[in-house]
Structures are given as structure tokens and as C-alpha cells.
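Both of the next two complexes hold subunit A, though its partner changes from subunit B to subunit C.
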Partner chain A sequence: MTQNGNKSIDLKNPFELFGLEPNFLLNEQELSQKLRDMLQTVHPDRFVSSSDQEQLAAMQKTTQINDAYGVLKSPVRRAQALLQLRTGVDSSGEVTVKDPMFLMQQLELREELENLSVKKDMNGLMSFAEQIESMQEQQIAVINDFFQQEGENQELESDKILAEIYKLQFLRKTLIDIEAAEEKILG
Partner chain B sequence: MALLQIAEPGQSTKPHEHKYAAGIDLGTTNSLIATVRSGVAETLPDLKGNHLLPSIVHYAKDGTVSVGYSAKIFQCSDPANTVSSVKRLMGRGLADVQTIKEFTANQLTASGIGMPAIQIFDQIRNPIEISAEILKVLAHRAESALGIPEGDSLGGVVITVPAYFDDAQRQATKDAAQLAGLNVLRLLNEPTAAAVAYGLDTGNEGIHAIYDLGGGTFDISILRLEKGVYEVLATGGDSALGGDDFDRAIASYLVEQAEVDAADRQAHQMAMLKAREVKELLTEHELIDVHFMNWDGQISREQINELMAPIIDKTLLACRRTIKDATLKFADIREIVMVGGSTRVPLVQQKVADYFKQKPLTSIDPDRVVAIGAAIQADILIGNKSNDQLLLLDVLPLSLGVETMGGLVEKIIPRNTPIPIARAQEFTTFKDGQTAMAIHVVQGERELVDDCRSLAHFELRGIPPMVAGATRIKVTYQVDADGLLNVMAEETTSGVQAEIQVKPSYGLTDSQVTEMLKNSIEKAEGDMQLRMLREQQVEASRVIEAVRAALQDNGQQLLSEQEFAAIESALRQLEIIAQGTDINAIEEAIKVVDTNSQEFASRRMDASIAKALVGSEVDEL
Partner chain C sequence: MAYSEKVIDHYENPRNVGSFDKEEEGVGTGMVGAPACGDVMKLQIKVSEDGIIEDAKFKTYGCGSAIASSSLITEWVKGKSIDEAQEIKNTDIAEELALPPVKIHCSVLAEDAIKAAVTDYKEKQDK
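Up next, the complex of A and B:
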């Protein structure tokens, strides 16, 4: 058995489903407010005594909303969805980053994580996580700038954005690995 | 504090419209049932005034089954035929049994459904049957307390499960309810239920942590309560860690002191009972005299604290992980709520307070809070409350994955994803003319299949034979609002629905459930037929009522005249057929209504969403 990737159920525009303008920056409170409003009316809990068809439709609709919410909430997935929406570029595949500065930094960060893990330095790991978190914030700002420029430059440079999204993904992954290292130390 | 509400005669829900619903906490050590009466949720006592029903079942040689306190009597005198902590066996494998030490007194054997079973006299009882006995007693208690006439039953129940229960454990719980003849409105996570009980009392918005340490399970859930919506942000825990582990640690200390023979089962059982007594006494006292077998001595609270501390530390580690999963910090937690009898242990409260740097909330009886929350939710689900307020949004507790080459797991849906949720995966054949393939679904966080819980083997058949790689099979994994998984497969180029055979690793297939249900009804064949007919008629009137209401609501706006007429005629047909006695014909007529109203149902959802979004825009102004 071979397998061809793992996708969300419905790649319909998640922004549209939530009645939002397709922008990278979004108001998290507004997003969760809209989630609550929609689910108040279509969640399966509202259809416990309804016909099987309505129960099924409620489950499918809620599934779609939950899925779209997952995309919109995560900066990486939101950027990928927005890029696909605007340029048609599918960003779930392989990305090659040629930026030597970033590659260097990547190596250094991995090394730092390795060192702290070996030394079982809990405090070091915690402040390292804070450092990555602030890098993550900066990276989100960089991606936002790219999407903002689009209007001015007409053409969105999808290769460049893909590389920036990849960097954000890398930082996210590093944070997860830091957590795993902390867990290991705590037993 | 729960206030007694007095309603004006005109304001109360009309009695003939009131449907009876109950919340059931099916616990490892004790179980409870609660219901909402006159607007107040309360647990229901038995005739002797006991609210807790010990989750113990005894089978006598003459076939008499006793449950609760009447079964507890046999725990020492007839341990081989007395089953306690059966929840620990639900949805688990025989191989897990080595770690479940209570069952040394019972003879565990294979049951043919993956789960371990218990040999009692010449019969084999599986955990689902044993749990059903407990549920039956609770349901009966509710029916008599609510004055439900003979022959009628509860409209529906909400049964709580540990948030950390996996798919097999949830399915087993639902099967037990079905076997007990109960209509399950929803499986509700225990910490979420507790939050509901607390939230309605205090109306506190913000982020709450629910620390739930029961007899055999530990759960931690992080929830955000905002504008009547409870959103579970993350959940974690250990479905094989609980207060019983405290008892066991103390019991092995007692066994050591009294120099008990390792093979003496009865002595070990007595040590467990004594340990529980010691633990409970030391929540009040600092030092007590203990007599066990030939040993007399003193045990201090400090001594048992030392024995319990490592177990509590494990729970705190899970708390830390779950808060991280919710991408929160300890300082974000506004309140921490204590649930489960084991949180009465002073060391638990102290360690939790130290760890979260705040005093935990314990105002509702930790034994009853889950059942109370479940009752409130059951009341809302069955439609007794105007449902424009409370809504629970829960998550998948453990990641779902499929086996790939080399025994590795590929994650399909990560843990803490809001449910219901679905993912699709595309597969292709690797041999010419291949017409079948197998998918092994597992649940857990580890990378190797062997380290995760095996849920089921799905076998796809009837794939149209084509050259290798030409077929595209879309497999959809759907998790419903109960946290239960369903798998569908479709050949996308031809649109052929592949046939799926499910072999649950631990549990029953649908036909096995039906079979057990039949066996459990000892009455004559005629009664079974009558019961099935009655059930089908109830289903028919439920469908008619629901679809009619929908048509009246917005059928005119959403349907063309032709579509409207098609549904209406299907309904009329069903009404006529449902008055007859042909079970199959009624079932068919229901299907016709279903098919005709499928599109309508989906349009109604879209209309609701559009309305909700317009509503939120107005809110922003």
C-alpha cells in the first residue's frame, strides 16, 4: 500500500467559511467569537433529538468549521492557506531554503538544544524556549510584511514566502523538541 | 451552593413535554446517577439513602446478580465471583492485565473480543456485560426516583468517561449502555462535566484547570469558559493511574510488615481494604494504630505521604505537559478545580496548591460533581432547557494514526484537536489488479505501532481491479462528538464505495452487540419481536417529528416546491407504514425520508451559519 499525502477534508476557503477577509493578520478574539457563534447553531449537541440526516449534517458542518479554525489559528497553516488562495501554490510539499544565514542559524540552534539536553539544564532550556518564542514572533512579522507588500508589487513572490514559512515551521519544531527534552529530564 | 428554585405554576416546563434524562458517572470504585428536577441537578440515593453505588458486581452460583453494597459483602468471602474495578478492563487487552493487580483474585481469561474476561462458575463474563449490570441498577434507581411508569424508560442518558479514555474504552462504555437498554445522548468527558457543574454555580469566565483523580484514572483538562461556551483547550492524564495506586502502595507496606505469604490472595485482598481504611483515617488524623493480621503497629500521615508522593508527582508532570499543550503558562490558570474522591487526600491538595501556586476549589463534593455536570448536560441535550446558552466543545485526547512501513505510526489527527473532526488520506494500489487492502488504525503518541493502542484493522474490499497505481482510494477518518472513530473509503476515480470490514482490536462488532442484546433478553421470541417493532415505531415518530419541525421552520425558504413535496410525501408514507407491524418496511420508509431530506439538512446548516455570522457582525458594532 502506498500513500499520497494527508489532507484536510475540505480545502474550501477557510477565511470565507468564517466570513473573514483573507488576510494574514487576524484578530484572535474575533476568530474565536465567530467559532462560538457558528457552533452554537450547528454543533451536534443541538441536534441530539433530530433526524439522522440532520445529525449527520451537523457533524459534517462542525467538522468543517473545526478544520477551518485549525488552519486559521495556526500561523503556519494560515500562511500556507493564504498563499494557496492567492497564487495557487501548494506549500505542503518539500521546500528548499537556500538562505545560508538561516542554515547556519538552524545548525547553531540544534547544537544549543543538544548541549542543554545533555547537561540536563532545565533553566537553560526554559530561557532557550523564550528565545525561540521571540524569534517566532519576529518571523510572523516578516511573513506578514510579505503578504502586505503583495498589493504594492502586484506579484506575490511565492518562493520567498515559502522559505519564510519554512523558517517559522522550523522554529515551531524546535519549540516542540525543547518541550520533549524538558519532559525527558523531568522523567 | 445550590439554591432550591421555586417556579410559578405557569413558568415551569409543561409536565407532558418534559423528557426524563439523567447523567451517569460510571466510576472505577463508585458510580452515581443524577438528574435535574425543578431546575436543580442532584444525585439520586438508593432506598437506604446511599448516593454512591460501589462499582462491584457479584455473581452467585444460582445466577443471582448483585451490585453495589450488596455485592461488596462478598468481596472477602467470595472474591473469585466478585468483580470490582471493572472499568480498568474496559477496552483493554489481556496483555495489559499484568499491570492491573486487582484482578489477581479473579480468574481472567480471553473473551474472544480482545478484552480480558472473567471466569465465573461455568460462564465467561466480559467487562461490557459486567458494566451493563451496574448501569441497569443506576437506571432503575432513576426510574423509580422520577416516578417513571412501568414499561416506560429514561429518555436518554449522558455517561461520563475519563477524558483520557481512548476509542476502544469509549466504545466499550457505549456498548455497555446499549446492553443495559439505555439511549446514550452523549459520552461526556469527566473533567468537562465537572466544569459544567462548577461553572453554572459560579458563572466564572476565564481559564480553568480541572484536576480529576479518581479511583483508577487521572485526568487533567484545561478549559476556557467564555459566554456560555466551554472550550477544552487541552487534555491529558493517565487512564491507569488513580487512588487505588495509593491503596496498593500502602497495602504492600502492610503485607511487608505482616510478612504475608505472596500466594495468599485473600490476605492481599484484605490488605487492600485495610489500606483504604488507613488512607481515609489519615486524612483526619496524624497518627493511627493499625492492626493487620498478626501485625500491630502505628502508621503516621507522614509515612503514607512518603508512599503516595511519587504517584502524585506523576500527575503533576501530566499537568505541566497539558498546560504546555494548551500553549498556556501556569499564571494563566484562573482556577483549579478538584474532582474525584482521591483529591480528598491532604497531600494531593497540598501538592496541587504548591504546584499551581493557588488554593484549589473543592466546594462541590468531589464524588458527586461529575454526575451533577452530566445531569445538567443531559437535560440540555434532551431539550428541556432553552438551548441558546451552554455549549461544550471538546477535543480528541490521544492522537490517531495509521501503521506504515516498518511498524511506524503516521499521525492522522493529533491529540487535542477539537471534535468532531475528520481527515482524508489517499492511497493507491501497488500491484496490478489489486482489489483489497488493509489499514491498521492506532491511538497514542509514540512512534512505533507496538507502543500505541491498536484500535482496529480495517479491510477494504471490492476495489475495481486496475493497473498498479491507477486506483485512488480516499480513506476518511471521522471522529464524532463522542470521540468515536468511523472510517469510510471510496475509490475516487470510479466513485465505488469500498466495503470495509472492521475488526476492533478490543471490543465488539455491531453484530456481536446485537447478539448479546438478544441473549440478555430471556423472554420469548415474540417479546423480542415486539420490542424491536416498538423501537422502530419510536424511531419513526422521532424522524417524523424532527423533519416536520424542520420543514415548518424554513422548508419554504430553502426548498423548491418539488423538493418540499417529495419530503412531505415520504413523511406521509412513513406515517402510514409506521402504524403497521412490518419492522423492515418501517425501516425502509425511514430510509426514504432520510435520503429525501439529506440535502435539506445540509442547506439548513448553511443557513444557520449564515445567520450566526450576521449575528456576530452585529455584536461587533
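Up next, the complex of A and C:
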């Protein structure tokens, strides 16, 4: 995670910086192509004979580009950025979620992960990861629907979107834990 | 990050890990989660007819501080009335465990969990 990882998405609109429409769904290939192009323009090689000031500006721009890319690449952070852009709601703080049904399901998933880790069941972990990944895809689709609805002249219901982004965050965490469990088994 | 000795003690020897049947009478279940770190915490209390918490259990998936916070609070609430249990402040937990500022939210989660468990218990009684 970058140093700005937990900081609220600041002033600079990451979509704007990348010349993209502020949409939740984006083309990942297009995004990484733009990243390469933009990093080219601020590459230190181009500034060898420039003034210190220009070199510094190029460095700062590089950081800005990388930070924005970090936001755009992550579905969670991209959704948070979009929500903040459209409603001003900052969702980067520490909150407590109290949705019992969803949390019970998450607890059961973590228990399953724990069992698979203890048994060092690599195949089980891999199919479990697939299961969580497909839940993640569904969750991304749900979030996208909310953002789409807003385009049809409806008020954006930030509370509802937030709740869906939170769910995505828990799924992300489970996937990270699966990876860690797999790495531990593989040594 | 260095954990305090108390956190390590609760993490290595967590008290009261487990579950009660949430349908059982007198059992209150609190489920809470922290999206930013993905921690999930289940805290259950078993309350006697005169409103005293006789037993408490927890199950937490999260960092050492989250596990220690929930372990500690299950110890604290035993023998307390449900009203007393609701008065436990996260700052008391954070102080007892010497949690660093970045881990304060773990103690908040434990406080929210006990409140949720008491609320669940009361709702069940009202039915």
C-alpha cells in the first residue's frame, strides 16, 4: 500500500487525471496503457538537462499518476472515489458494520478458510478462492448497478452504495487471506 | 508493530472462544465488522433471568488487537448486568491493552459488539 493508502482521495480527480469518464466500470487494458503513456512523459530520462524545479515537478507528477492509478485499479477505492466525487461522502474512515446476515455469512466463509488452511488443502483453497472471486464479481456488478441508476436522473443513494462497497471490502479481505494461506502451505 | 504483553497474552491464550446457540433463550448475539481491515467479530452473552451476564463467548477473525479486545471484553462482562456491560467504553479496553492509535478501532469494534449483543438479547425478550 502506498503512504496515501488510507488518506481520503484528495482534490485531484483520478479519473480526470487519466482522461477517463468518471464511471465505475473501466477497461483495465486501456487503464494500464494510459499509465504507461503518462509515465513516459514524466520519465526522469527526459529531464536530465532540466532545472531542479522541473525535475521536482516531474517527480511529483509521477507520484500523482501512480496514486491515481492505485485508486482506479482497485474496485473498492475506485468506488469510494466515485462516490466521493458525486456525493462528497468520504468513506475512507473506520466504521462498524452491523448487518448480521452478511456478517454471519462472512464468519462462515472465514471458518471454512480456517479449516482448509489447517488441512493444508491446496485444491480446496483454490476452489474456495474461485467461489469468493465469483462473489466478488457479483458484488462489483451490484455496485455498478447503483452507479448506473444514478445516471438515469435518480438521486445517488450513498448509504446503500456504501453498504455494498463495505461488502466488497470484506470479500477482498477474504481473498487476501486465502492467498496468504496458500503461500504459507507452499512455503 | 510491537504488541503489548497483554495483547500477546490474550492472542495466544484467548479466553472464551466459541459459540452459544443463538436461538437459545437468554442468549444475545452481536455481529460486527470493520470494512477497512475486514475484521469480523461475533460476541455472545448468556443472560440469567435477573439480567446478569453469566457467560460470554466470542469468535473473531482479525488482527491480534481485535482478538485481544474481544477476549478481554468477554472476561469483563461476566457477572455484570446487561446495563453495566453496555457502559464499557472502548477507551477502557484500549488502555488496558495499551493499544497504539492505529489499533484503537479494534477496541471500538469490541464495544460495538457487546452493545449489539445486548440489543439482540433485549429484542428477543420483547418478543
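Note that in this section the second predicted complex is superposed on the first by the 170 of 187 C-alpha atoms of A that agree within 3 Å, B and C clash if a C-alpha of one lies under 4 Å from a C-alpha of the other, contacts with A are read in each partner's own complex, and residues count from 1 in each chain.
One rule holds for everything that comes next: contacts are C-beta pairs under 8 Å (C-beta built on N, C-alpha and C of every residue); 3 or more make two chains touch, one makes a residue touch a chain.
These numbers come from a predicted model, not from an experiment.
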Next on the checklist: Applying the document's definition of touch, where does A:E30 land relative to subunit B and subunit C: first, second, both, or neither?
Outcome noted: first
Item to check | Touching partner for A:Q53 - first (subunit B), second (subunit C), both, neither | outcome: first
Next on the checklist: Tell me the contact category for A:K173 with respect to subunit B and subunit C: first, second, both or neither.
Outcome noted: second
Checklist entry - Is the number of subunit A residues in contact higher for subunit B or for subunit C? => result B
Item to check | Which of subunit B and subunit C A:Q40 touches, first, second, both or neither | outcome: first
Checklist entry - Touch check for A:R77: first (subunit B), second (subunit C), both, or neither? => result neither
Next on the checklist: Once chain A of both complexes is superposed, is A:L103 in touch with subunit B (first), subunit C (second), both, or neither?
Outcome noted: second
Item to check | Those residues of subunit A which subunit B touches in one complex and subunit C touches in the other | outcome: 6
Item to check | Residue ranges of subunit B in contact with subunit A within the complex | outcome: 156, 185-186, 226-227, 229, 231, 317, 320-321, 324, 380-383, 387-388, 391-393, 404, 410, 412, 417-430, 437-439, 469, 472, 476, 478, 480-481, 542-543, 546-547, 550, 593-594, 597-598, 600-602, 604-606, 608-609, 611-613, 615-617, 619-620
Item to check | Interfacial residue positions of subunit A with respect to subunit C in the complex | outcome: 6, 92-100, 103-104, 106-107, 110, 114, 165-166, 169-170, 172-174, 176-177
Checklist outcome for this item: Seen from subunit C, its contact residues with subunit A in the complex are 29, 31-38, 40, 42, 59, 61, 105, 108-109, 112, 116
Next on the checklist: List the residues on subunit A that touch subunit B in their complex, please.
Outcome noted: 1-9, 17-19, 30, 32-34, 36-46, 48-54, 56-63, 65-67, 69-70, 179, 183, 186-187
